[in-house]
Amino acid sequence: MLSAGWRGGGYLVLLPVTLGVCLLNGSVDTLGLLLAPEQRDLAWQLIGELRLPRVMAAALAGAALGLAGLLLQTLARNPLADPSIIGINQGAALAVVGLLLALPAASPQWFPLAGLAGGVAGGLLLWRLSRGTSGLALILMGIGLNSLLSALTGCLLILADARQLAMVMTWLAGSFAGLEAEQAWATLAWAALLLPLGWLLCQRLTPFLLDALSGRMLEPCMARWESAGLLLACGLGAVAVATAGTLGFVGLLAPHLARLLHPPRPGRLALPTMAYGATLTLLADWLGRSLFAPVQLPAGLMLALLGVPVFVALLCWQQRLKGR
Amino acid sequence: MSLIDRRRAWLPWLLLGLFALATLTGPQRPELAAWWRWVWAGGDARAPLEALVLTELYLPRWQVALLIGAALGSAGCLLQRLTANPLASPGLLGLNQGAALGLVCLLVSPWPFTPMGAWLAAVVGAAVAMLLVFGIVRLATGGLAIDGLLLFGALFGTLLGALVTLVLLIDQHALDVIRFWLAGSLAQVVPSQIGPLALVVIPTLAVALLVSRPLEILETGRDTAASLGVDPRLVLLGVAALVLLLTAAAVAVSGPILFAGLVVPHMARFWLGDRLWRQLLGSMLLGALLLLTADALILRLDDQDRLPPSLALSLMGVPWFLWLVRRRYLAC
Amino acid sequence: MPDHAIAAERLSAGYRGRRLLHEISLDVPAGRITVLLGANGSGKSTLLKTLAGLHPAQGGEVRLGGEPLAAVTGRRLARRLAFLPQQPSAPETLTVGQLVMMGRYPYRRLLLPPSPDDHRAVAEAMAQTQVAALADRPLGRLSGGQRQRAWLAMVLAQQAEILMLDEPTSYLDLSHQYELLNLLRRLNQDRRMTLMIVLHDLNQAFEFADHLVYLREGRLVAEGAPAETADPALIERVFGLACEIRPHPRVDCPLLIPLAGEANCARVREVKA
């Protein structure tokens, strides 16, 4: 059994190791190149130009999704909330696909803005609808709204021509393949703005651990923090969607993993959650590109394949714990 | 007491009217007059083109829509009554994705892709999904509460959907065969599928009407049912099997059509009343009519016939679903 | 300082289309225990929440000390007024110490660790409620009584001069109920705190309260000291319950004997006839 301190700091080791593996391992054995002196320059070039943007984008998108999940779970007082469940991801996807179809010439730099608009619209719609209901209603309504939004996205896809279709399909499945370096830098810029803001906000959200009345007694302007947190969560989710399409389950799993090992205060959970989100996404991307080597599987697909069993096991385990 | 409350008799007529309006004003409207003249003349071998449009294009499609709509509507009704919850529907419990996975597996396997084989594969896939969802919910929570069913249904739906995508990404050929089917469209339907579909759906619907009495007794609670001489487990398994057969038959032909199973039972309750056999009968009739209308409306909107009717159903069904959830949980 | 901690003037409140409180004017004496009494649905909880600013007033005014409640905003309000709801909830994994430290939230500065003042207030609150030994235990592993004391420690750590409790005894067994009420009385005497409590048990209210407020269908029926207001006619009007009031054999307070059993009711009817 590891001591509490060790488990609490585990993410500090886990994230750099994953980053290293993802940077060095791939279709070309970069480590071998690095060790051979005459090919060292080639290896550095490979890492800097090909791997670095992709790995950076994956880590940042994962961190953003994890933090968005933590914010939503705290604000909704509901451990099942997640950007992909409450309609942020699907709304952003619909907006971006719509943009692609309406203006085929639009450059990828506009994706984040379109995604942000769609994500905020989807998230706020659901938040308004579920106001005054219990926590589970939010999730059920999210399931309903998501199926409508994905039906609409699907219809837009049917209307798209074949050339656009391939591009949009990969993007929708949540993939980092074919990510442009420019896009990675845009993600970095957005993340550098939003991630610290999210971390700061989490320090303020402690009263949301309590029930609504007790919480409001400690922090009378809770409504303001709620709107701020919701907007920020939408923004974080949309940044991730604009980078890599719809990645599910990171926002759901990362806070749960963090909660297993850390005290439940959002201020303390923020950093580990970001680290776990980044690690999960990096692992999914790495598995997706190396499992069926010439075929690149989208990271979002790997996340769904791995995330559902893990999450179901987690839910069963917690139910069992509660029953005991 | 008459079967239909007179004040609520307008509902099917409204759907029929919409259907007629959408069909008869479309750019490719069937030339009823020409067809009638041909039938009146004795139906010679050489039919005019206008009549062929009706018999070859529209009639099979209408038959399929009626059968599938009836199947999905009654499956939704049975599922809602079985779980005692108005939010249940086959699409939301992952059955559709299970059937899709079964079909995709058949596509990449060496076996031939025949209508009967497709149907069997869909049944097996849907059964696996249902066993997974119900089994895990039972194991995890010790009951079959609808909250857990919907949550785990959505989770496993995602998982099975991801598996379908995985297979399709690895096997490009399968993607081409199945792309339109995945969207849940009636455009691909060929007349040879109608026979097997009717053979499965119509007897199953008849059995469903027969089972309605024991199921209604089961609704009063397991213990009461047992004391009245109804074996709860047998009824439960039987009804679950009926839901599976109906869903899989429909999905195997048309692809996943969401929300028909959710909306139709509520309309049927409004139209014919609360008794199970009435609701079931109403679900069959209204489901058939609703899918027919949705398909005609979508065809009217997009004359190249690319959009699936599930779009129209989602547009109708989702606001309904949101309203139901909100009303159910607002009081808590 | 005025001798009332909170005052309501012609206060009305409710939900859209349904008014629950009708023009209530009320002075809550400072440094005393005030108990709100009334049948289910009489508006006790709504009155408490409205006085705490948790529920919007539709008309009238609440004054906290001398100033209008609406003018006391944000953390200033949280430092002066604490509220313990009927069913408070927190994550099961939160420890008692962490919960009590959350009561210091209105005093904490962003990003800074707890100050010595915070630690002192937490230790004091936990000592008074006797949960210091449970500091590292998660909430999920507490008994009902321990849990209620932990929550009480949380609102005490807030160091507010006014403490409101909405039916704090409702999920406790009888001995824990009295333990909690004794604790509240001690707090009232030691810290000169103003307490406002919603209680269901009339005898507990008579014994522990300095000031009673009777509500019926959202209107104020009577207020005053227990000895002045313990009157069978008033109780029957407020609760619809026939009863007899006697002096308590041990304590200097009234004792209520309900006459609600069928046999007693028949006798009451006979006597009245």
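Which chain is which? They are A, B and C, in the order written, and residues in each are numbered from 1.
Keep in mind that, in the parts below, a residue touches a chain if its C-beta (ideal position, glycine included) is under 8 Å from a C-beta of that chain, and two chains touch if they have at least 3 such contacts.
In this text the structure is predicted, and so the values were computed from the model without any measurement.
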item: Reaching chain C from chain B through chains that touch each other, fewest steps; value: 2
item: Contact-richer chain pair (by C-beta pairs counted) among A-B and A-C; value: A-B
item: Farthest chain relative to chain B (centres taken as mean CA coordinates); value: C
item: Inter-centroid spacing, chain C versus chain B (mean Cα positions, whole Å); value: 56
item: Cα-centroid distance, chain A relative to chain B, in whole angstrom; value: 34
item: Euclidean distance of C-alpha centroids - chain A vs chain C, Å; value: 44
item: Contact set on chain B toward chain A in their complex; value: 87, 91-92, 136, 139-142, 147, 150-152, 154-156, 158-159, 161-163, 165-166, 169-170, 183, 258-259, 306-308, 310-311, 314-315, 318, 321-322, 325-326, 328-330, 332
item: Chain A-facing residues of chain C, complex; value: 49, 52-54, 73-75, 77-78, 81-85, 87-91, 93-95, 98, 102-103, 105-106, 110-111, 154-155, 158
item: Residues of chain A touching chain C in the complex; value: 200, 203-204, 206-207, 209-211, 213-214, 216-221, 259, 263-265
item: Touching residues on chain A, where the partner in the complex is chain B; value: 80, 129-130, 132-134, 136-137, 139-141, 143-145, 147-148, 151-152, 154-155, 158-159, 173, 248, 292, 295, 297-298, 301, 304-305, 308-309, 311-312, 315-316, 319-320, 323
